[in-house]
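Have a look at these structures, which come just after this line.
Look at the two complexes coming up: subunit A is in both, with subunit B in one and subunit C in the other.
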Partner chain A sequence: MRDLLPLIQNETLKIWKKKRFYVILLILLVLIPIFTYAQMRVSQTNAVHFKDWRNQIQQQITDLQNTLASDRVPEEWKKYDRIEILRLQYYLDHDVNPSSPDAVSFTRQFMASSVSLFFPLMILAIASDLVSGERSSGTIKMLLTRPVKRWKILMSKLVALTLYVSLAIVATGAVSYLISGAVFGYGGWTMPVFTGFGVQGGTIDASGVHAVPQWLYLFMQSGLIWVSCMTVAVLSLMVSVLLRSTAASIVTMMAAVISGTILSGMTSSWESAKYLFSVNIDLTDYLEGVPAPIDGMNLVFSLGVLAAWSAAALAVSFGIFTKQDILN
Partner chain B sequence: MTIEYKIRKLDQEKEVLPQKLELEPEPDGRDKRLSEAATVLSVRGLKKKIRGTWIIHQVDFDVKAGEIFGFLGPNGSGKTTTIRMLVDLIKPTEGEVLIGGHSVQRNPERALAEVGSIVENPEMYPFMSGWENLEHFARMQRGIDKNRIREVAEIVRLDDRIHDKVKTYSLGMRQRLGIAQALLGRPKLLILDEPTNGLDPKGIKELREFIRMLADSGISLFISSHLLSEIQLMCDRVAIIAGGRVLSVGRVDELVAQAGSYVLWKTDRPAEAESLLLQEPQLRILREGEYRMDESALAHLEGAVVTTVPEAVLPGLVARLAGAGIAIHAVQRVAPTLEEMFLTLTEENES
Partner chain C sequence: MDSSRLWRILGTGSLAATLLLGGGFVYAVQDMLGSGSGLTAPAKKPVLAETGGSFAAASTIYVTALGDSLTKGVGDNTGEGYVKQVIKGLGQATGKPVQQINNLAVAGLTASELDEMLEKDQGMAYPIRQANLILLTIGGNDLFRTALSQAEEGNASDISVESVASRIPEAIASFKSVIGRIRAINPDATIAYAGLYNPFYDIPELKEGIVPVQKWNDEAFAVLSKDPHAVLVPVLDLFQLHGSGYLSSDHFHPNHEGYERISDRIIQSLS
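Let's look at the complex of A and B:
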C-alpha cells in the first residue's frame, strides 16, 4: 500500500489536470438549472389545477385507471400501470406527498432518473481514456518502463477511478441540492419515503413497506447508484485496456449502456437478457418499487449480476494489462 | 578527452556491479579497461514471435559500463522491438535481458531501476508542466526528491522553462525533458531510441555533445539509429542488426578497419598508371561496382583508379609512378562508410 500511494496520487492528479472533472461539473451546472426550471413549471401547473396535492395524486390514479380500461394499451404495459396505481394509493392512504417540491425530493428524483444514462455518461468521461489515452499519447511507454509492476499501475488507476466515481455522485447530489434549493427551498430531509415494495408478477406486496426519512433514502439510493456506476467504471476500464482508441472505447461503452435501456423496455419475453449488466443497472428502481423489466429479477439478483460482470472485467483488465506487449 | 576520469569512474562502478568479464583482446589501454569493465546490459539469445512470425531471430550483445553503444539497423530490422524487450514493454519469446545483473523478465522492479529510457518519441503529458511530469515519474521510484528533479532539469538546461506546460515545448525541449526523466533515478544505463529523429542539425550537434558528457560521467548509453554516420560520430562500439538478427558486434573503428580501405590514384595518364600499378602483386584494382564508397569521395577524383593496397608498399609505388614521368595529382585513402560495411554484412547474411 505504501508503494501504491504515490502512484494513486499520480493517477488522481492526471485525471484532475486533464480537466475531466471540470467537464462533469460544467455539464451538471448547465443541466440541473434546466431540470429545476422544468420541475418548477410542473409544480406551478399543478398548483393552479389542484389546491391539494391529494387531488393531484387522485387524478393521476384516475388517469392510470382509464389507460387500463383502454384496449389499445398492450397487456404488458398495463402491469406497470397497475403497480403504479397501487404505489400511489399507498402514499395517498398514508397521507404522504410522493412528489413534494423541495430540494431533497428533487435531488432524489434527479439522481434516480440519472442512473441509467446520465451517470454512466459521466463515468465514461473519466474512465474511457484511462489506459487508451496513455496508449494513444505514447506516455504508456514512459509509464511501463519505470520500475513498478504493471498490476500496481492499473490498481492505482482503478483506485483513482473509484475516487472520482464517488466524487461525481457526491457532486451531482450537492449541485442539484444547491441549485434546486434556490427555487424549492432547502427542506425535505425528514420527509418520509416509502420503500420495501415487493413486486411479484403483476401484484404488489405491501407487507414489507416501511417509511424511511428522505435523507436516509437518499443515502441508500446513492449507495446503489455507486454500485451501478462502479460496474460501468470497471467495464469501461476494461474496454480502455482492450481498445487502443479512446473514441472507440467511449462508443463501445455507450452502446452497451444504451442497449440496456432499450432492452429493459422489450425483454419481458426474452428472459436470459436479465444476465446482461446493462439491464440490471437501474438499481434504484428496486428501492422505489418500480417493477423489474424481467421476471425473476430482484435487488440481490441484480447486485449479483453486476458483481459478476465487474469481477470478470477486472480479471480481464489485469490479466491483459500485465501481460500485454506494447507494440505501438 | 576525459578518458582518465572515465576509467576512474569505471573502477568505482566495478565495485558496485556484479562482475561479468568479457575478455576480448583489444588494442589500446582504454579499451582494455572497457573490456574488463562490468557489463551493464547483457542480452542473451533474445527471440520474439508475434502472431506466428519470428520478428527477432537471434540477438546477443553486451554493453559495458561507461561506453556508448550503437544499435544500428534499417527501419523494420527489429531495432525497436529489441529495445522494447530491453525495457519490458514486450516480453521475449525466448532469451533474457540482464540490466545490472537483474533479469528484466524475472525481476523488472530491480532491473528497470537501473535504466532510463526514451522509446521512440519523448512523449510526456502535454497537459502538465515539465516539472509536474518530472514529479510524476519521480513518484514512481524511491529516493528521488525535489533537489534531484531540479538537478536533472539543470543538466538538460530546461530550468528556465520547466514550469511551462509541455504542450508549449518544441521537439528539442521535449527530447531534453525525456532525457531528464530518464536520468531521474540515477541510472547506470540510458537507452535512447533514434534520439536524433526530427531534430535540426544544431539540435543533433547539441545532443551528441550531451551524450558524450553523460558517458564521461560514467553512464552507459545505448543508442539506436538507422543513420550510420550518427553511430560513427557518437559510439564506441556497435551492434548491427538486420532482419531480426545481430550481424556483427564490435568497435566502430575496428569494423571500419575490417572492411578495409581504398586507395584512389588520380594521374594525368590513368591507363599507363594502371599498368605500372599492376606490377605490384599486393595491389588489386577495383572496377566500377566492385567497390562501395561515398559518391562524394569520387566526385573530386574523376577518372581515378580505385585500388586496395597494403600501406607498406605505397611509398614505393608513388616513387615508381613519378619515376615513369607520370604526373600524380592525388593519392587518397578513402575509408568505407558504415553504409558500405552494412551492405557487405547484409549480403553475407543473405548468401
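Let's look at the complex of A and C:
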C-alpha cells in the first residue's frame, strides 16, 4: 500500500498535466450555455402559449392521449406514452411542476439526459489513452522497468481514473448549476420531485411513490451516474490495454456506447440485447420512472449486468497487463 | 503551482467527490429497493383555478376546447381546425383579446369516453375553470365509429341507418352527463357546441343517415336549451349538398375550408 500511493499521485498528476480535464471543462463551458439558451427559448414559447405550467402539462397529456388514439403508433411505444401520462398526471394531481425552470431542475435534467452519451464521451477523453498512450509514446518501458509490480501500476491508473470520473461528474453538475442559474435563478433545491414509480410491463405502480427534495434527488441521481460512468471507465481501460492505438480505442468504445443508445431505441424486438452493458447504462431512468427499454430489466438487473461487465473487464485488463510482453 | 500542492488539492477534492457520489449511489439503491425509511406519497392537492367568469362581461376571452377529432382539427392540412379560426375571428368580431387556454380534444373520443375523462382526470378541471368560452364537439364517434371501421374493412353496405339511430339514446345520456360535469366545474362559461353533420351524404345508401344525425342534433339541442349560457351551432346543412368540397381526403373530417365554415357559424352565434 505504501508504494501504491506515490504511484496514484504520479498518475493523477500525469492526467492533469496532459490537460485532459481542461478539455472536459472547455466542452462543458461551450455546451451548457447552448443548452441553457435552448431551454430559455422553450420556456419563453411556453409562457406565450400557456397561462401557467398546469395548462402546459395538461396539454402535454392531451397530446400523448392523441398519440395513443392513433392506430399507426406501435403498441410498444404506446407503453411509454401511457406511463408518461400517468407520471404527468401524478405531478398535476399533487400540484408539483415537473419541469420548473430553475438551475437545480436544469442541472438534474441535463445530467439525466447526458448519462447515455455525453458522460461516456467525457470519460473516454480521460480513459482511452491511459495505457495505449504510454505505448505510443514509448514511456511504457520506463514505467514497467521500475521496481514496482505491474498490477500496482495498472491499479494506480485505475484509482486515478476513478478520481477523475468523480471530478468530471461533480464539475458537470457545478458548471451546469452556475451557468443556468444566471438565467433561471439559483433556486429549486427544496422543490419536491417524485420518485419510486414502479413500472411493470405496461402499467405503473404508484404505491411506492414518494417525494424527495430536489437536492436529495440530485444526490441519488449523481450516485447512479457515477456507477454508469465507472463501468464505461473500466471498459475503456480494458480497451486501452488491448489496443495499441489511442484512436482505435476511442473509436471502439464510442461504437459500443452508441450502439447501446440505438438498441435502446429499437426496444423489445431483440430481448437478449438486455445483457449488453450499453443498454443498461441509463440507471437514472429507474429513479425517474421511465420504463426500461426491454422487458425484464430493472435496477437490480442493470446493476448486475454492469457489475458483470466491469468485473470481466478488470479481469482481462489485469490478466493481460501483467503478462503481456512489451515489444516495439 | 508545484506538484505536491496540486496533488493535495486534486487528491482531496476528487476523493471527497468520490465519497459523495458513492454515498449517493448507496442512498439511491436503498431508496429504490424500498428500504427508504417509510416516506409515503404526499396527499393529493387539487388546485382550483380562478374561474374565467362570464363570457359577456369578460375583458379577455379565454377559450378551452374539448371534444373529438373535429376540435383537434383532424383533416385540416394547415393544422388550424375550427378552434384556431374561431380564436382569430372572434378577436376581430368582438374587439376583445382572445386567448386559448388549452385544446383538450382527443381524436376518436366518444361522449361516454369524454364523460369518463371528466370524471377521473382531475387535471382537466383546471383549464375548464379558467375558461369563459368552451368549444365542444362530441357525438360523431358514438354514432359513426363502428360504421366507419366497417367501411374501412370494405363492408360499407353493412352500415345501416338503423344502427346509427340505435346508438343515439345511450350517447345522448353520456352527452347530458358531459354537459352536467362541465357545468359543475364551470357554471358561468358559455358553451358553444357544434352539432353533427352527415359525412356520408354523397353515398346513396347512406343519404338517409342524415335523419338520425338531425335527430341527435335535436336531442342535443334539448339538453343545451335548458342551459342559459349554452348554444348549439348547427353545421348539418354545410356538408349536405356540397359536402365533398368541404371534406378532407378521409371523407369524414372537414378540410380547411370546411372548418372555416364551421368557425364562421360559431363566431356568428357568439358575437
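Going forward, the second predicted complex is superposed on the first by the 327 of 328 C-alpha atoms of A that agree within 3 Å, B and C clash if a C-alpha of one lies under 4 Å from a C-alpha of the other, contacts with A are read in each partner's own complex, and residues count from 1 in each chain.
Here is the rule we go by: contacts are C-beta pairs under 8 Å (C-beta built on N, C-alpha and C of every residue); 3 or more make two chains touch, one makes a residue touch a chain.
Since this is a predicted model, take the numbers as computed values, not measurements.
Novice: Both complexes share subunit A, so when I overlay them there, do subunit B and subunit C fit or clash?
Specialist: Here subunit B and subunit C can both sit on subunit A without a clash.
Novice: After superposition on the shared chain, which partner residues are touched by A:151: those of subunit B (first), subunit C (second), both, or neither?
Specialist: Neither partner.
Novice: In the overlaid three-chain picture, which partner chain does A:77 touch, first (subunit B) or second (subunit C), both, or neither?
Specialist: neither
Novice: Mind working out whether A:13 is in touch with subunit B, subunit C, both or neither, as first, second, both or neither?
Specialist: A:13 contacts both subunit B and subunit C.
Novice: By the touch definition at the top of the document, which applies to A:303: first (subunit B), second (subunit C), both, or neither?
Specialist: So A:303 only meets subunit C here.
Novice: So, does A:22 touch the first partner subunit B, the second partner subunit C, both, or neither?
Specialist: Touch partners of A:22: none, neither subunit B nor subunit C.
Novice: Does subunit A have more residues touched by subunit B or by subunit C?
Specialist: More residues of subunit A are touched by C.
Novice: For the superposed arrangement, I'd like the angle with vertex at the C-alpha centre of subunit A and ends at subunit B and subunit C, nearest 10 degrees.
Specialist: In the superposed model, the angle at subunit A is 160 degrees.
Novice: Return first, second, both or neither, reflecting whether A:137 touches subunit B, subunit C, both chains, or no partner chain.
Specialist: In the superposition, A:137 touches subunit B alone.
Novice: Given the touch rule stated above, what does A:270 touch, subunit B (first), subunit C (second), both, or neither?
Specialist: Neither partner.
Novice: Tell me the contact category for A:210 with respect to subunit B and subunit C: first, second, both or neither.
Specialist: In the superposed model, A:210 contacts subunit C only, not subunit B.
Novice: Based on the superposed arrangement, let me know which partner A:189 touches: subunit B (first), subunit C (second), both, or neither?
Specialist: A:189 contacts neither subunit B nor subunit C.
Novice: Can you work out, in whole Å, how close the C-alpha atoms of subunit B and subunit C get once everything is superposed?
Specialist: Distance of closest C-alpha approach: 8 Å.
Novice: Can you list the residues of subunit A that touch subunit B in one structure and subunit C in the other?
Specialist: In the superposed arrangement, which is not itself an observed complex, subunit A uses residues 9, 13 for both subunit B and subunit C.
Novice: Show me the residue ranges of subunit A that touch subunit C in the complex, using the header's touch definition.
Specialist: Residues in contact with subunit C: 9, 12-13, 16, 49-51, 54-55, 57-59, 61-62, 65-66, 69-70, 89, 92-95, 162-164, 166-167, 169-170, 192, 194-196, 206, 208-212, 216, 219-227, 286-287, 299-300, 303.
Novice: So in the complex, which bits of subunit A are touching subunit B?
Specialist: For subunit A paired with subunit B, touching residues are 6-7, 9-10, 13-14, 17-19, 137-139, 141-149, 323, 325-327.
Novice: Under the stated contact criterion, what part of subunit C meets subunit A in this complex?
Specialist: Answer in residue numbers: 3, 6-7, 10-11, 13-15, 17-18, 20-29, 31-34, 36, 39-47, 49, 62, 72, 99-109, 121-124, 126-127, 130.
Novice: Would you tell me which residues of subunit B are touching subunit A in their complex?
Specialist: Listed in rising order, the residues of subunit B that touch subunit A are 50, 84, 87-91, 108-113, 115, 117, 119-121, 123-128, 132, 136-137, 139-141, 178, 181, 185.
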